[in-house]
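When the chains are written out, they are named A, B, C and D in that same order, and each has its own residue count from 1.
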């Protein structure tokens, strides 16, 4: 028996990724597509400017888009709601959680609140337990689970095995982020053609804070942030379509041996979800390339169906006392909708959806 | 009276920049264009695939290209030779220096040798004095002065006022480098379209070492490297035409005040060459932008005729104990031919050319 | 004595080009910058996202932007108004013409009306006479002169000498147009990166019709369209910043000799404005390249300061009975603001401004 | 039982596409990978710079690359040889045909010879019969079948149903071709970034001639060209990765009704191979899009696995007396390796391979 799922904000770029991943999902059945504004009432095929490389499946294309109305959404009796709504509409997600729905949300508001799990499943699936704190504290019948910021999801997945083996102290990260991160229409072509914009609003703060929460510990009062790690970020937008690349410098507690680092990363199976058989979990969460010039954005972003991160150029860093490396991940799959679906699968497996 | 100058390797990308900058130079007269291979014997207009935005001046276009032969070059009696030859031909530069010529060279061999000045004039014009060490030591009648690596030239110009005011300790730099850095034909379009290549052979080592030499001190035995500074770099190629952008994290000795940093940078006049009236020296070596989203590669790379670096996003960095910022420079002007011409002007003013 | 000029819609892309061309103009003094919406009241430097390669001059940057209000505009007593307003605001241009102002307008409404001169000065400066028809017919104290569609301006300039010498019959044109043609924010990066969009709303109709009017004749009742020429167009947007390239196939009345065609184009001096000494008129309106692979968009778009068109690959076309060739022009200079300024200069020289 | 196949020139871009399509082929077993130069002796994974979006299958990656030696190739006893060798090595293909091998060749030499079938299977599978003319005439034990030029393959597939229904007379075609058409390293990034090059050596002649041969008739003496059709082409390279778009203007014998044209294209099933069950034949050789702005290169090039062409913007053209439309096809799949594999399948089904 399959769970009934809906996508909120289905016509945007992350929404399209959700639709694409859910259209043929073994556990989930897409029962509703919701969008704000004028899309409501149109068939999805007419409402969306589909830019995903896989064609839009015909059966999904014919679904009528529903308006962003909690009563309408409720009428579909969805087991899980995947939300790609913009930040300013987060109150809708809150209202749905209050009414008893399970909401997996990609937006940034409330990500840092202690009782809201911020989940990168291979890294911190155990944080899911704080939903009970959330429900008790807020008196909600349902709950909200959050997808991390795209850059942070990719970074923390690569940091986890290093942290487990060598103890991460300071992280300096500089990013090279794709235009898809700005959404379907967020970035005018005249602004980015033959150009780099060394600023993405709020992004550095998200990376610096969310990393500490994701690498923190769940407690009976919510998630306690990791207080041994320090992160500083510089974030940049440049003209590639999809895929965030990050140059990472890490100071470690224990002096790392490069072969040990490679092994730790390659053997990392995402213990937190190992053996759960989640369909969207990639066989190898981290793929390590040994060539001098990999990963490359266009060539490697779709590894593991876009759910693996690809690490390369692992070098000793004597200046910091640690290592430096490159990590690449698909920002709208691993960094958004793919991790959202994986969270949904985790919730289902853990018996948290349907409630 | 104008000095007679020649360009070696004139048909390549840096060679074209040299030609473009020297074609209308107030002090220098372009008397010879030299190229290896089949170009020799053709008129420059036929030998070159001119890709510079300014049209090739007619009088220069008609110059006959000479072969890479020291006797032929000598016959022009040049006062300064600007060399954009590839690294593997550096012996030609050595032979010309031995015979008594002043060679300003853009290639990487010998950049790190103590008696070869590695000049970023606003930063270390005083290093020019080591040419006498060089001539004595090697028994050469002429000498070689080196242009730094492109990324390093841009980085060190931005670091100099910070170092003077606050004391630079550790530098972590991550670069976003233009395709022009790979030369006219060095990088196939299929490799870089919609892509990032996180590796440039030898580049990181150049940045890490040359910075210490440039920020070092001239002595009677040659240049003594700065031994208080540590640099670690991660270098990346991406699809912009011209302009290297660098995300710089700096640990400083003295805690910096952001307004002081801005002031130090804006007031930096390149004391080492101040008042010398060098024609290619920009009025402001460092331009500081206060907007959240500047500098941008396409919009700012031509500041100061491509000779200024543009700094922005100066932020406190509590993780490192210092600052982080963005610096952008034009890699084939400030990072290559432009600095080469500026070195030539410095040599002329200092009485070192003609010898 | 200089004429007082204002730019309407100064913050958009064509508006910025107008400002850039007028900021240092020998005949014109920029007295007012006008913009709709929230820009009014701000200094121009704060209101505009300046993307022109030349820096914004300081004196212009400090001008306070005025709101789009005819009374406010009137208070500046401008001799010529250069308008880059969007089409839906064309009533403002009409109102200003009615009140006695000379309006040079880049927008498309009314371009095809017989009493409105549609001017590509080198081609049809004599059409300017119909402004008297316009004023009489409409009872306006001022008048409107129109800049042609960008693609059409470039096409007709290249067709004029062929038409004069060989008689143009049928024209088949296929375009490769830059993203700047969609305005500063008109085209999202996700839509055009690694992509071609084979459709630009209304563009083909504009090329097919405006060409006939521009190559027509002024009469006492207005412009009579050329009824011997037929034009069919296919228009496409692709990822280059600036410069429209057009592949043109022409059936001619008289069989063309290729050398004659080259000569006719190279010798074309834009007879209609020859000898008037208009500052923005390029020395050579048409530059012919003989290399197999020119013109190229990035390398040739700035010829003649962006006011020349560059023609290449002139070949016999036996299928059509005529020739085929490539023409390239700068779409926001030759195709918009540059031609607008040239029209202003023509009006001034002809005594039509100030009225 | 599967046929044994080999790829010649396996490391290039078209070679990689062949490998990718043959690696999991239901009828063919990849037994040898051949490359010229230094690749021989290495494992394929080390010899190739794999740039195809699908990962290189492990079993293929481990194949040892063989040198371009007819004896070595013979030792594998291949049933079909797929050749992506450069034109200058076509003598190797001739020698292999002489010795009794079936060669499907993508290179341009000999494409126009009457006894060499130039096959776009849905259009002219019946031309395959001329291989018997070829063997008789040349005394070869094997034979060569040719893949058309990429642009021509895409064009002729779109023209075929129009020709069948309305009679094609004159064709004017202007192309927008991807950088992949220049091969893996054929085009330097500095030449095409933010640029259009309106020239591809030999391309226009290929389109103009090969179209007439493909739309011709097989006779007992070889293929007789269609002498009622005239084609003129203008070919241009621009910065998209994959996918050739063509703006086509067609003069037809019978006045076309647009709905009839759409129907003819949509119903076109490639009669020549209908019912043969060839695995690489797309369900719909031509997909017609009705939206104003489709096809688009990035969004539509992979339709039918890259084997369908996508047609859009079918409009009446009164100037020519016919229609104009846009056609898009994947140049290295439909325009090269994919059509090559389809030819191989046709030969197998027709009993021509193995001989």
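Of note:
One rule holds in what follows: contacts are C-beta pairs under 8 Å (C-beta built on N, C-alpha and C of every residue); 3 or more make two chains touch, one makes a residue touch a chain.
Bear in mind that the values here come from a model prediction, so they are computed numbers and not experimental data.
With every chain reduced to the mean of its CA atoms, the largest distance from chain B is reached by D.
Distance between chain centres (mean CA atoms), chain A to chain C: 48 Å. With centres set at the average Cα position, the gap from chain C to chain D is 42 Å.
Along chain A, residues 51, 193-194, 239, 241, 299 each make contact with two or more other chains. Taken as a contact graph, with one node per protein chain and an edge wherever two chains touch, the assembly is complete, since every chain touches every other chain. Against chain B, in their complex, chain A makes its touches with residues 170-172, 174, 176, 193-199, 201, 230-232, 234, 236, 238-241, 243, 245, 247, 249, 292-299, 312-313, 317-320, 324, 326.
On the chain D side of its complex with chain B, the touching residues are 13, 49, 51, 179-180, 182-194, 239, 241.
Note for the complex: chain A touches chain D at residues 50-51, 53, 55, 193-194, 299, 302-303.
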